[in-house]
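Got some structures for you, see below.
Two complexes come next, and they have one chain in common, subunit A, joined by subunit B in the first and subunit C in the second.
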Partner chain A sequence: MAEAVGQWLNQVTPLPWLQEKSSEGAGVVNSQPWPTPKAEYWKYTSLKHIERGGFDFSAIEQASPVSSEAVSIIELDTFNLVFVDGQFRADLSNLDPASPELPEGLDIIDFAHADAGQQAFIRDALHSTVQEQKHVLAHLSVAMLSQGLLIRVAPETRIEKPVQITHYTTAQADQKGMQHRVLVHLGHHAELNLVEMYGSDDSAHTGWMNQVTEVIQEPESAMQHYRLHQEQQAMAHTGAVHVTLDKQARFNSFLLGYGGKLKRLDYVVHHEGPAAECNLQGVYLVNQRQHFDLRTQIEHKVPHCLTDEVFRGIIDDKGLAVFNGKIHIHKHAQKTLAEMSNRNLLLSENAQINTKPELEIYADDVKCAHGATISQMDSDALVYLRSRGISAAEAAVMLSFGFINEILMTIKHPEILGYIRPSIVRRFGQDERLMRHLL
Partner chain B sequence: MTEEITELLKTDYEAGFVTDVESDTLPPGLNEHVIRQISEKNGEPEWMFQWRMKAYESWCKMKEPRWGHLAYPDVDFDQVSYYSKPKNVDDDHSSDGLDPELQDTYEKLGIPIREQGESLEGGVAVDAIFDSASVVTTYRKRLEEAGIIFMPMSEAMHQHADLVKKYLGTVVHQNDNFYSALNSAVFAAGTFVYIPKGVRCPMELSTYFRINEKNTGQFERTLVIADEGSYVSYLEGCTAPKRDENQLHAAVVELVALDNAEIKYSTVQNWYPGDGDGKGGIYNFVTKRGICHHNAKISWTQVETGSSVTWKYPSCILKGDNSIGEFYSVAITNKWQQADTGTKMIHLGKNTKSTIISKGISAGDSQNAYRGLVRMGKMAEGARNYTQCDSLLIGDQCGAHTFPYIESRHPTAVVEHEATTSKVSDDQLFLCQQRGVDVEKAVSMIVNGFCKEVFQELPKEFAVEACKLLEITLEGSVG
Partner chain C sequence: MLSIHNLEASVEDKPILKGLSLSVKPGEVHAIMGPNGSGKSTLGHVLAGREGYEVTGGSVDFFGTDLTELEPEERAREGLFLAFQYPVEIPGVSNLEFLKAAVDAKREHAGLEPLDSVSFIRTARESCQKVDLEQSFLKRGVNEGFSGGEKKRNELLQMMMLEPKIAILDETDSGLDIDALQVVAKGVNAMRNEERGFVVVTHYQRLLNYIVPDYVHVLAGGRIVKSGGKELALQLESEGYGWLEADK
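Up next is the complex of A and B:
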C-alpha cells in the first residue's frame, strides 16, 4: 500500500451508515501492494503521478464562477446535476438531489439525503458489481466514499429525458483530489438514458478525479450510456463503469476519451442473465504528451449473450494510448456471440500505442472474434485527395476525422453528436480552413 | 456428436516404451558440485564451467515464472537428476558401435540412425540425443567436407571454441529467464550447427531427443549459426516414455542468421502428454529465439502435440533492415494437457516483416493459450506484421485463450491482428457423413484443413508425420 493512501483516507469522513462498506474497501486496498506497471493489470500505466501528487481531498471553500453553457449540452434537455471541483452546484443544476421533483418512477437522490429505505438499498447494492480485488481504485473509492448519487428507475418505466451528471473543474481544483460514486438501478423492463460528462475550463490545473459508476440492470431493462471525457490535459482521471446485466437486459455505451496527464477508464460488464446484450463503442484521441488507458472486461457467465465492442483511437505527437480488451467466456456460456475490434491510427514518430485484445474461452459452442490494427494514414487515399487539389494538411484532417466519424455516426442522440462533433473538429483542425469540410 | 468425438480421442501414446540400458546417472539435486561434475563428464574447458556457474548464481536469485495460463504443482528442483548418460556409447558417435538396445529404440521410433545412400542431396542427417548424451551423429564427416559443422555441443566446445564462445548466450542470455538460466547451468547434450558463408546446406539437419531414464530432466542446448548468405533447414523431434511422474524438459535454442542468411527451424513435439486422468507427462519449458541480421530470415514452424505442460515462445529479433521473421504453429491439446505458447516478434530494423499464423486446437479437458508479442520499435520504419490466431474447440470441457500484446512506436509500421474461435460444427460433420465419410475421418479432415496453412510450411517428411500425429492425438476426442 502506498503511504499516500493513508493520508487520503484521513482527509475524508465516510458516511456513517456506509462505514462498514468503507472499512471493507479500505481493507481490500490495504491488503495488496499499490499497483505498479509490474502488475499485469497496470502494465502500461504508472500511478506514480497520483501516488506522489500530494492530492488533497478536503472540500473546497469557495465556489468558482462557471457559466451554465459550459456545463450543459445546449440542445439536449436533461435532468442535469452539476458538480464543480467536486462540489454539487445547485445554481447550475436543474435538479436538487436533496428533494428532487421528478417524474413518477424515477428516483435521483444524493446519498447524504437518502431515507431509511434508500439507505438500506444502497447498503445492499453498492459495490456489488465490483467483484475482483484487482480494481484497487474502485475499492479506494468506496473506502473514501463521502458523496454519491443513487438513480433508480421503477419497473416498467421508460424515462425519455436523459439524466446528466456533469463534473467540471476549474483552477480551484489544482492539486485537489475528487471522488464520486453513481449507483444506477433499472427495474424490470425499465429504460434510462444517462450522460456522464467530464469537462474543465482551459486553465492548466492539476486535479485528480477518482470516479466509479455502477449499473445494475434487472431483466429486459435497457440503458443508453454516454461517457464524455473532455477535461483539459493536466487533469488525472481514474474512472470505472461496472455493469451487471440480468436476462435480456441491454447496455449500450459510447465513450469519448481525450487524453490527459493520466487517464484510465475500466469498463467491466457481467452478463449474468441469458440473452443479455452489451454494445460498447468509442473513440480516444491522444496528442501532445497525453495518456489514455482504456480497459474493457466482459464476463460472459451465462448462455446466449451478445457483446459487440468497437473502439478506435488516434494518437499524435508524444501521446501514449493503451487498449486492453478482454472477453471471458465462462464454462456454461454456450451460444455466446462476442466481437471486438480495435483500430488505431498512429500519426507521429513519437506516438505510442499498446493494444491487447484478449479472449479467454471455456465453452465450445461460441462465436468469438477480435481484430486489432495499427497503421498510419492510407497513402492511396492521401494521393487521391491531393490529386483533387486538396492540401496535404487538409487531406490529413479529413482522413483522420473520417476514421472516427464512422463510430460517431452510431451515436443515438443527434444532440450529443451535434455537441461533441465541433469539439472533436477543433482538436483536429488548428485553423478554420482545415475545419470547413468537417462541420 | 461430441460423445463420438470424445470416444475417438482415446488412443495410446505409441512412443511410451522404456529402453533398458545401463546408464551413468547423477543423484537428484542441484548445487555447485553437480555442475562441476556435469562439466567434468563432458570434459569441458574451465571457461565453460565458469559460464555455467554465472548462470547458476543468477538462477538461485530468480523466481519460477507463473504468469502463464497454466496450473501445475510446484516443480521440486531437488528431486530432478540433471545428468544421465547411457553407458556403451562410442566417442565417435557412429551407428555401428551402438548398443543394440538403443538401435532397437531408434528403429521403433522410425529414426534413421544409419547413413543411407551416397548423395547428401535431399537426405536427413540426425544427431540422436538420449537423455543427456548424443549417441549417434550421422553424415557428420561428409558434411564437414562441405564446410558444414554439425556436431554435439560438447565436442564443439573443444573443436570450435572460438565460434561457441562468440555466439553462445548472445541470443538467449544466461539470465534471460528462470528456465534459460537453469538450462545454461546444467545443459549437457545439444547440437551445434555452423553453415559457412554462401553455402546452402544440401540436406535437412535434425536432432532427435529421447528422454528415457526415470527422475531425470533433459536440458539440451542448440546453437545454429548461418553465416552470410547461407541456408539451412533444421528439424527437431522428441518423445519420452510413459510414466506416472512428471519429467522436466528445459531446453534453449539459439539461432543466428547473419546478413542474407536463412534458417528454417521445424519442430514436431511429441513428448508424453500424460494419461487420461492427467497423471504424468513432460513439463516442457523451452526458450527459443533467433536473431536476424540484414536481409536475413528465420522461420519457426512448430507442431505441438505432446507434453502435459507447454511453456514455449519461439521468437525473432528482427535487428537488421529488411529481415523477415515467421512463425507457423499448430498446438493441439487433449486430455488434461495445458499449453501456453506463441511467439515474440521484435521489430528493430527498417522494413522488417513478420507473419504469425497460429492454430490452436483444444479437446478433452485441456487448456490451450496463444500468447504473443509484436513490438514495433522506434526505428522500425515501414515494418509490417500480420497475425492470425485461430482456435478450434472440440468438446465443452476445454478452453482456448488468446493473449496478444501489440506495441507500436512507429507511425509507418503496420500491424494487423485477427483472431477467431470456432468449433467443428455439426453442419460440417453432417455434410461429410452424408457423403459416406465416417465421423473420425470427417473430424480429421476438418482439423487438417484448419491446420493446412501451417503444415504447408513443414518439410515433406515432417508434414506427413505431423498429419499422422494429429490424427493420433485427436483420436477419441470426437463425438
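Up next is the complex of A and C:
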C-alpha cells in the first residue's frame, strides 16, 4: 500500500452510517500492493502521478465564482446537479437534493440527507456491483466515501427528462483530491436517462478526481447513459462505471473521452439475468502529451444476453491511448451474442495506441466477434478533398470526423450531439468554422 | 487560359513528363489520347497539384498566374477541376457534406456568402438527376461502395456543382457501358460554353463521337507527339499506336 493512501484516508471523514462499508473498502485496499505497471491491469498507466502528487482531500474553503452558463452548456432540459471542485453547488444546480421537487417515481438523494430507510437501502446496495479485489481505486473510493448521490426510479416509471451530474473544476481544484459516488437503482421496467459531465474552466490546475458510478438494473429496466469527459489537460481522473443487469434489462452508454494528465476509465458490466443487453459506444480524442486508458469488462454469466461494444479513438501529437476490452463468457452463458470493435486513427508519428480486445469464451453455443484496427489519415482522401478546393486543415477535420461520425450518429439526444461536435473541433485546436460542412 | 510550355515532371525521381506543351483557350475541347503509361494521368495530377508529382522544368500559366505556385485547393478554387481516373472512397464523410464543403470553399474564395442549406440541397439534387444518380447517393459516404460507373458519374456531379473554368476528365469514359457513356457525354456537352475549356483524356475514340473535340493530341513518352483535328482520333482508332514507334 502506498503511504499516500493513509494520508488521504486521514483527510476525509466517511459518513458514520457507512463506516462499516468504508472500513471494508480500506481493508481491501490495504490487503494488496498498490498498483504499478507491473500488474497486467495497470500495464500502461502508472499511478505515480496521483501517489506522489500531494493531492489534498480536505474540503475547499472558498467556493469559486462560476457562472451558470459554464455548467449548463448542453441545450438540454435536465435535472442538473452541479459540483464545483468536488463540492455540491445549490446556486448552480436546478435541483436541491435536500428538498428536491421531482416527478413521482424519481428519487435523487444526497447521501448526507438520506433518511433511515434510504440509509438502509444505500448500505445494502452500495458497492455491490464492485465484485473484484483488483478494482483498487473503486475500493479506495468507498473507503473515503464522504459524499454521494442515490438516484432511484420506481418500478414501471419512465423518466424522460435526463438527470445530469456536472463536475466542474476551477483553479481552486489545484492539488485537490476529489471523490464522488453515484448509485443508480432502476426498478422493474423503469427507464432513466443519465448524463455525467466532467469539465473545467480554462485556468491551469492540477487535481485528481476518483469517481465511481454504480448502476443496478432490475428486470426490463432501461438506461441511457452518457459520460462526457472534457476536463482540462492537467487534471487527473480515475473513474469507473459498474453495472449489474437483471433479466432483459438494457444498458446503453456513450462515452466521450478526452485525454489528460492521467485518465483511466473502467466499465464493468455484469449480465446477471437472461436476455439483458449492453451497448457501449464511445470516442476518445487524445492529443499533445495526454494519456487515456479505457478498460471495459463484460461478464456474461447467464444465457441469451447481448453485448455490443464500439469504440473509436483519434490520437495526435504525443498522445498515448489504451483500449483494453474484455468480454468474458461464462460456462452457462449459452446463446450469447457479443461483438466488440475498436478502431484507431493516428494523426502523428509520435502518437501511440495500445489496443487489446479479448474474448474469453467458456460456453460452446455463442456468437462472438471482435476486432481492432490502427490506421493513419488516408493521404489519397486528403488529396481528393483538396483537389475540390477544401483546405488541408478542413479536410483533416472532415476525415477525422468521418472516422468517428458513425459513432456520434448513434447518440440518441440531438442536443448532446449538437454540443459534442463543436467541442471536438475545438479540442483539436481548430476553428469551429471548419465544421461548416456538417449539415 | 491554360498554357503549358515544355513541362517536365517526375514521380519519385523518375521523369514522366518530358517537355509537354499544350494550350487550351476558352470554349475549346481538347482530347488527349495515348498508350497506357504515357503520362496522361500524370499530367492531370501535376496540373491539380498532387504531392509527389514534382515539376522539374517548363511552365504552366493559368489566367496569367503560375499554376505551379498554387496549393491544390487554390487551383480548384481558381477554377481547375480534375475528374479522377480512380476516384477515392471516403467512408464517414457524406457525399452531400463533401459537396457542401467544396462549394462553400469556392464561394468564399470568390467573396460570396455560403449557400444556405436548402438551396444547396436543391441544387445538389438537380445535379444528381442530370448525371442519373439516385438522390440516395448524396447521403452515402463519398464514393463508398459505388460501382465504377457511379464513381465516374459522381465526378461529373462534382464538376457540375463546382462549375470550373477548365475541366480535365481523366478516362471518365472507361468502364462505362454505352448508356452511361451517353449520360457522361450529355453532362459534359451541357456544360460546354464559350468560357469553359475541357481536356478530355480517353483511351477510346468512341467517347469522341459524343463529345466532339476541337483538337486531338497524342501523348507518348511524356510529350505531345502529334496534334490534329477530330479525324486524328479515327486514325488512331484504326491504326493503333504502333506507328508512333516507327516514327521515332
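The rule is short, and it goes like this: the second predicted complex is superposed on the first by the 427 of 439 C-alpha atoms of A that agree within 3 Å, B and C clash if a C-alpha of one lies under 4 Å from a C-alpha of the other, contacts with A are read in each partner's own complex, and residues count from 1 in each chain.
Methods note: a contact is a pair of C-beta atoms (placed from the backbone, for glycine too) under 8 Å apart; a residue touches a chain by one contact, two chains touch by 3 or more.
Just so you know, these numbers come straight off a predicted model, no measurement behind them.
Student: For the overlay on subunit A, clash or fit between subunit B and subunit C?
Tutor: Aligned through their shared chain, the two binders fit side by side on subunit A.
Student: Could you look at A:His370 and tell me whether it touches subunit B, subunit C, both or neither (first, second, both, neither)?
Tutor: first
Student: A:Gly313 in the overlay: touching subunit B, subunit C, both, or neither? Say first, second, both or neither.
Tutor: In the superposition, A:Gly313 touches no partner, neither subunit B nor subunit C.
Student: Does the superposition put A:Glu394 against subunit B (first), subunit C (second), both, or neither?
Tutor: A:Glu394: touches subunit C, not subunit B.
Student: So, A:Glu358: does it touch subunit B (first), subunit C (second), both, or neither?
Tutor: So A:Glu358 only meets subunit B here.
Student: Considering only the touch criterion stated at the top, classify A:Glu349 as touching first (subunit B), second (subunit C), both, or neither.
Tutor: first
Student: Between subunit B (first) and subunit C (second), which does A:Leu385 come into contact with in this model arrangement: first, second, both, or neither?
Tutor: second
Student: As a test of reading the superposition: which chain, subunit B or subunit C, is in touch with more residues of subunit A?
Tutor: B
Student: For A:Gly260, select first, second, both or neither according to whether it touches subunit B, subunit C, the two together, or no partner.
Tutor: neither
Student: With both complexes superposed on chain A, which partner does A:Phe403 reach: first (subunit B), second (subunit C), both or neither?
Tutor: Only subunit C; A:Phe403 stays clear of subunit B.
Student: How far apart, in whole Å, are the nearest Cα atoms of subunit B and subunit C in the superposition?
Tutor: 16
Student: By the touch definition above, which subunit A residues appear in both interfaces, subunit B in one complex and subunit C in the other?
Tutor: Subunit A residues touching both partners: none found.
Student: Where on subunit A is subunit B touching in the complex?
Tutor: That would be residues 40, 331, 334, 344, 346-376 of subunit A.
Student: For a test of understanding, state which residues of subunit B touch subunit A in their complex under the given definition.
Tutor: 67, 69, 376, 378, 391, 393-396, 398-423
Student: Under the touch definition given earlier, write down the residues of subunit C that touch subunit A in their complex.
Tutor: 48-51, 71-73, 75-77, 82, 84, 87-88, 90-94, 96-98, 100-102, 104-106, 109, 114, 117, 121, 141-142, 158, 162
Student: Enumerate the contact residues on subunit A facing subunit C in the complex.
Tutor: Within the complex, subunit A contacts subunit C at residues 378-381, 383-392, 394, 398-399, 401-406, 436-439.
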